[in-house]
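The structure follows.
Each chain carries a letter (A, B, C, D and E) given by its place in the written order, and its residues are counted from 1.
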Amino acid sequence: MVRHALKKRSKKAGLPPGSLVHIGDKKTEAVTANVLDYAEDHCSETALIEIEQCIVYRDMPSITWVDIEGVHDIQVLEKIGQCFGLHPLVMEDILNTDQRPKIEDYGDYLYIVLRMLGNGSESGDISSEQVSLILGKNFVLSIQEGAKGDVFEPVRTRIRSNKGQIRMLGADYLAYSLIDAVVDNYFIILEKIGERVELLEETLISDPGPQTLHLIHNLKREMIYLRKSVWPLREVVSGMQRRDSALIRESTGIYLRDVYDHTIQVIDTVETFRDMLSGMLDIYLSSISNRTNAVMKVLTVIATIFIPLTWIAGVYGMNFKNMPELSWVYGYPAVWVLMIFVAIGMVIYFKIKKWW
Amino acid sequence: MVRHALKKRSKKAGLPPGSLVHIGDKKTEAVTANVLDYAEDHCSETALIEIEQCIVYRDMPSITWVDIEGVHDIQVLEKIGQCFGLHPLVMEDILNTDQRPKIEDYGDYLYIVLRMLGNGSESGDISSEQVSLILGKNFVLSIQEGAKGDVFEPVRTRIRSNKGQIRMLGADYLAYSLIDAVVDNYFIILEKIGERVELLEETLISDPGPQTLHLIHNLKREMIYLRKSVWPLREVVSGMQRRDSALIRESTGIYLRDVYDHTIQVIDTVETFRDMLSGMLDIYLSSISNRTNAVMKVLTVIATIFIPLTWIAGVYGMNFKNMPELSWVYGYPAVWVLMIFVAIGMVIYFKIKKWW
Amino acid sequence: MVRHALKKRSKKAGLPPGSLVHIGDKKTEAVTANVLDYAEDHCSETALIEIEQCIVYRDMPSITWVDIEGVHDIQVLEKIGQCFGLHPLVMEDILNTDQRPKIEDYGDYLYIVLRMLGNGSESGDISSEQVSLILGKNFVLSIQEGAKGDVFEPVRTRIRSNKGQIRMLGADYLAYSLIDAVVDNYFIILEKIGERVELLEETLISDPGPQTLHLIHNLKREMIYLRKSVWPLREVVSGMQRRDSALIRESTGIYLRDVYDHTIQVIDTVETFRDMLSGMLDIYLSSISNRTNAVMKVLTVIATIFIPLTWIAGVYGMNFKNMPELSWVYGYPAVWVLMIFVAIGMVIYFKIKKWW
Amino acid sequence: MVRHALKKRSKKAGLPPGSLVHIGDKKTEAVTANVLDYAEDHCSETALIEIEQCIVYRDMPSITWVDIEGVHDIQVLEKIGQCFGLHPLVMEDILNTDQRPKIEDYGDYLYIVLRMLGNGSESGDISSEQVSLILGKNFVLSIQEGAKGDVFEPVRTRIRSNKGQIRMLGADYLAYSLIDAVVDNYFIILEKIGERVELLEETLISDPGPQTLHLIHNLKREMIYLRKSVWPLREVVSGMQRRDSALIRESTGIYLRDVYDHTIQVIDTVETFRDMLSGMLDIYLSSISNRTNAVMKVLTVIATIFIPLTWIAGVYGMNFKNMPELSWVYGYPAVWVLMIFVAIGMVIYFKIKKWW
Amino acid sequence: MVRHALKKRSKKAGLPPGSLVHIGDKKTEAVTANVLDYAEDHCSETALIEIEQCIVYRDMPSITWVDIEGVHDIQVLEKIGQCFGLHPLVMEDILNTDQRPKIEDYGDYLYIVLRMLGNGSESGDISSEQVSLILGKNFVLSIQEGAKGDVFEPVRTRIRSNKGQIRMLGADYLAYSLIDAVVDNYFIILEKIGERVELLEETLISDPGPQTLHLIHNLKREMIYLRKSVWPLREVVSGMQRRDSALIRESTGIYLRDVYDHTIQVIDTVETFRDMLSGMLDIYLSSISNRTNAVMKVLTVIATIFIPLTWIAGVYGMNFKNMPELSWVYGYPAVWVLMIFVAIGMVIYFKIKKWW
């Protein structure tokens, strides 16, 4: 996952800053743009065909949320950039879909980068998608990388159905709602990981194998990845709280504090999973070595019992002319008795020493 | 424990902030609300039947402590929220019983989240319950998750019997007393853990086994969990100290400093236990491997002594026509002497080398 | 040691703050109080019989050092508290003899907690005693837990004999002298530990055994304990330096800087010992495994040489009718030659491969 | 690589500060100096023959970029120093080609040290070259150590072809462009390392060997080295941002923030690789020990099956006169049946126990 | 080395601060004092016989460097202290030759402690000597512990020969030059350590043994020691830079920044060596275990091949009356063929499984 992100970067090396080069996977679907324009008393939803239509909404007093899916069509993005007056570096960052979460203040608007996680694939691997938010005076522009599906559906429903106070509040509250939706989604992802951790824990006790080790390491790596997505988010949210930008009203601060709390909770959980996985690695390694030792010990004990017995048999297999025992009537049974005694004695000795 | 908390969260994903959804375990007991109203010269105790009755106490000059057990009845909590004018986010946090300790200033009141630990179960596992405190001008609202029993009984007794100066001081001193009771309880929990650590240490020397490893790891995990509860508490208490809220009188600062000290001491002890458990893990691993090595060594030595002897016996078991030794009168005893010499020689050699 | 401290705490859980409960080991010796009253030109020493006599000294212009040994008699301590006007929380902390070092400013006086280490026992374990210092305008109250002996004798001697400038300077210099005496004592303790570390290091090379491991772990645990005593002391001393309390004259600052330096040096040494012990643990583990491997290797080589030889003997022990070798005149010597060659060949091969 | 850097230093020990001694590898190529002088409307490129010609450009209003390759000719560098009025310590640092990245403000100019990485060699090892930038009012002086090739070609192309806004902006933007080129190059290096990490990961699963261990350690060491180059760079860039030097216009700040972001991303990736390599080391060690254990187990099982069988054969090889079994008609087949049963029984037992 | 330093300290425990007790190794050589008095136009050098002669230089306008070797003669040092008006605590610290580097401002003068490293002994162990610098208005007093040789010779030469600008600048520049000389010397020490690390690395690959482990641990310990000397130095130099003492001119700041850079570089290198040594320890441990495993595996394989063969031989060594194979004409050769087949089959199987 990491290497993938890097590969994309090298296409851009050497270009002037602000050059628009899409470095993600090539896609062929058209970029879609949905506009949700609402105020306390109305709410309209449009799928834009010509991206230039955006401009209509920019200066309207109502709150406008333009949601764009797909960043692979550079022409479309350039138009959006012109329409909303975005800085070339912002445009570049929107296209570089391997950004870490960050917040940047461009005066007229705030530029926020988030990472939206998905867990759609069968293998349970986490997929990650970059979401760029542009928070202006009365609009929010959200640009998703364009994987199918997003986590904003509940926010849309709330706006459409006028649930909660979202329609009564400004664009900053909308931006908060989107960030909150992304963070809430982390809890769902963590829950699924939690299930895998629990399953792994059971496997660890019932039937540990080399497979278990790989699963532990896969989960550990996902934790590294998750941490990279969530840690900077904390700074983003606290940055929004502290920032004395006119774009964020004081009343929204209380909600940002809430989402900050959630972020901390996510980080806490990720750290706890890391600690648990480290503990599981220790248990795995020591259970594997315990098992091997148990096998080796029992086998060695068996070998150790029969080696002296074999020697006894060997002694009476010698061909010396003068071996009186061989002619004794009870010589043969006596040797059997001897051998049985030795064997039982060794077993008892091993049992006493708890070696068996 | 961690996964459990997460599971509860996903019920809420996508709802607007402030939505009241109880995400803890469903309970059927009724929510109980006890009111303790006191001033220097009087003290009355009432079990509320209708939660709206609270409102009477809110504006009385005497100090009122409303103690609510159970957060699973949303109607009841909504009424409380309206009664005391709590922010929807506070209400939400009260219901989300997996919060980390925190303090939030809402102007009229402070909202404090604590985690109260219990050690009731037979297995010795630590259970954890969220306690929300609302500290207003002359009231304290404490909302427990509702597990049976709490750690506030001594505070109640002190108020009832007018012991100490609690009745003479304000609501902030009551809030301090409740936090102090929670922290004092940590010492009792740590004591019990200390006993288990000590027991484990003895087992480690007398009879280490795979069970010991699991016990060490269980304790380690509990330490991770405890740490998560106690670390943020430190910030909560120091936050209360520093905060220039009119709700906390200067005279209470000295008591908060005291409870802060206790928190640090709890953290110190948790860290010491962690260090001790790490050391015990090292000792366990090395004692297991020492033991296995000891077994293997003795067994290998036995095998090694008998293998050459078996060879000697094998040599004189060969059927060559022309083997002069076989016909010697003292051939057989000589071989016995040889074998005894070889065996003794090897034993001596092994003893000298300290291999046995 | 840790668990012990905790055990004591639970006696207090639920009591109002400032409740005087001695939670240390019960003792029967009477609490002793010695007063050393001095100025530039005089010095008188009295053993107080009635503790109320203290009050005489409190308001005298001369410097008074009241040294109390034993905190198990609550009546005595209550009288002292009243006499010097100490806050109930201070009284409580004096009795709770498991405090971490700290400094608290109560306006009229500074309350300082130190931990005085002792190394009296035969086993070399470090014992620890709490020393509380109350620094007032012209008095210092030192309250020791009451183990026999302390580290303040040189300070007493200096006052009695008017050595150095101690009599010319104020109570803050006396407090500094006491702290300095405690820190100087740490160097002696560290020296003794240093000797044990060195001894251990020699044992590690000459004769490592399971005992060595336990010694390393014991020392490691003592380092954890020492660290807990010394780390907060650093903050105490730097806190005294920074504090703009009228009780500490500027001229004393230079001496506090000196004792701060010493504290840092103690911490440095503790950290170095920790690093050394970690290194020793590594060496121990690898030397143990080297040794086991050496044993196993030699034994395996011996077994490996004789197994083919035994097989050769076995071959000529077969009872086939038609085995021409058996009838050869030189068959038997030839087999001996063969076996000797095989044995020598294998030894040479093992030597070349450096396996033996 | 580290030792190499140190070796060079000792030539200088004891000389007065500002002594110009080249401590890098001796080179024989002539030092080359290229001048790129440009303004919005013109752009001229000259290869300087006499270094003193620089002086012409110093005071011209157009932006001048003097790019010097090679620091081994002290005379040339001294002339440059005089020409641009550089401080002797700057001159010294330019020659000491083992500096860590840093920024120093000398009033008239900023002195910036970067490390440019190369990955030219066949073995894939990273080579590192020091680049010193002197940012003056309207000139940038870049001094490279002089390995063939650099990462500034795209910047040159942009100036020549007037692509982007580089010609319109000042010397600070040029300096930013050079730093950006260096950081962009890190992404390419990281990509190549990413490929090696991935390859290593495949080898780790398919065919781990001692070679794998060395590869992991080599990559780990390169990560240490990379980290040393990149970490201080972060401070350099944030230092440029914060610095209230008249040399850096506010409009450039936004670009520096961008390059700062990239630096953070590089650091993040380096840390991720380090974590991945640590994980791979764990997997390697456990896979090696798994493999050895598997071999040992199977071999031990084989030995264990045949040892009892050999004993049975030994028993009936004894020469007792009175061994009735030997005379039984079906004695021999019965022994075979016995041996086969024992062997199969043990195999089944081992299979049940999952030891085989 | 650590224990040694501690031992010395206990001589001093209990003495009043400022007591002059030399706690280093007793030496018998006389303390030598050399005076180098210089200004832009003159330079005189004197070996003082009577230490009181110092006083002449104290108030002269020219810069005076008094260099004292040996701190074991307390009378001499007391005279120096009186002569330059040094604080008793400074005198004490000069004698306590186990100080960590520090800087203290006494108004009239700065007191700086450095640790000068030596690498003179054959074993390559680092020796360490305390150097105290007293920087006054126009004098520098340097007091060395008195091991033969120091690192200041190049500074002396520069003053004598008027090389560089040292004679033109003040006492603060002289102090800087001495610190710079000490830091430059660290590079030489690190270089020698670098050579040992490289040698060790080669040994690690060619012929690792228990000796290698001890060498790694010795180097690791030296790194701990070096770190203790260098880390606080960083604070000393940055403290000199920041300090608004009239004793340090602004023009010297630029040189202090340079020496600060060097200190950081030394710390960086020490950390890199530590990382490398940790990596080498890992490689050592895994190469040792690889080797042992290789030996065990081959030996086990040999044993495993011959055990079944021995059993076959044993079968035909049985004495059953009725063993038809024994009478077959080709029975004996057939058994040989069988045994050869079995042996070859197993070898092939082992080769296929890559166990051999």
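Keep this in mind: contacts are C-beta pairs under 8 Å (C-beta built on N, C-alpha and C of every residue); 3 or more make two chains touch, one makes a residue touch a chain.
Keep in mind the model is a prediction, meaning the values are calculated, not measured.
Asker: Please find the path from chain A to chain D through touching chains that uses the fewest steps, and give that number.
Answerer: Each step joins two touching chains, and the minimum needed here is 1.
Asker: Mind checking chain B against chain C and telling me if their interface is mostly the same residue numbers on each side, over half, or mostly different?
Answerer: Different; most numbers are used by only one of chain B and chain C.
Asker: Can you work out the rotation angle that lays chain C over chain E using Cα coordinates, in steps of 5 degrees?
Answerer: Fitting chain C to chain E on C-alpha atoms yields 70 degrees.
Asker: Distance between chain A and chain B based on Cα centroids, please, to the nearest Å.
Answerer: 27
Asker: On a C-alpha centroid basis, what's the spacing between chain A and chain E, in Å?
Answerer: Whole-Å distance between the two chain centres: 43.
Asker: Among the residues of chain E, pick out those that touch two or more other chains and give their numbers.
Answerer: 289, 296, 300, 303, 307, 310, 314, 317-319, 323
Asker: Follow the ring of contacts from chain B in the direction of chain C and write out the chains one by one.
Answerer: If we begin at chain B and move next to chain C, the sequence is B, C, E, D, A.
Asker: Any idea which chain A residues touch chain B in the complex?
Answerer: 151, 153-155, 158, 163-166, 177, 180-181, 184-185, 187-188, 190-191, 194-195, 197-198, 254-255, 257-258, 261, 264-265, 268-269, 272-273, 275-276, 279, 282-283, 286-287, 289-290, 293, 296-297, 300-301, 303-304, 307-308, 310-311, 314-315, 317-323, 353, 355
Asker: Using the touch definition up top, name the residues of chain A that touch chain D in the complex.
Answerer: For chain A paired with chain D, touching residues are 2-3, 6-7, 9-10, 12-19, 87, 89, 92-93, 98-100, 102, 104, 106, 210, 213-214, 217, 220-221, 224-225, 228, 281, 285, 288-289, 292, 295-296, 299-300, 302-303, 306-307, 309-310, 313-314, 316-319, 323, 325-332, 335, 339.
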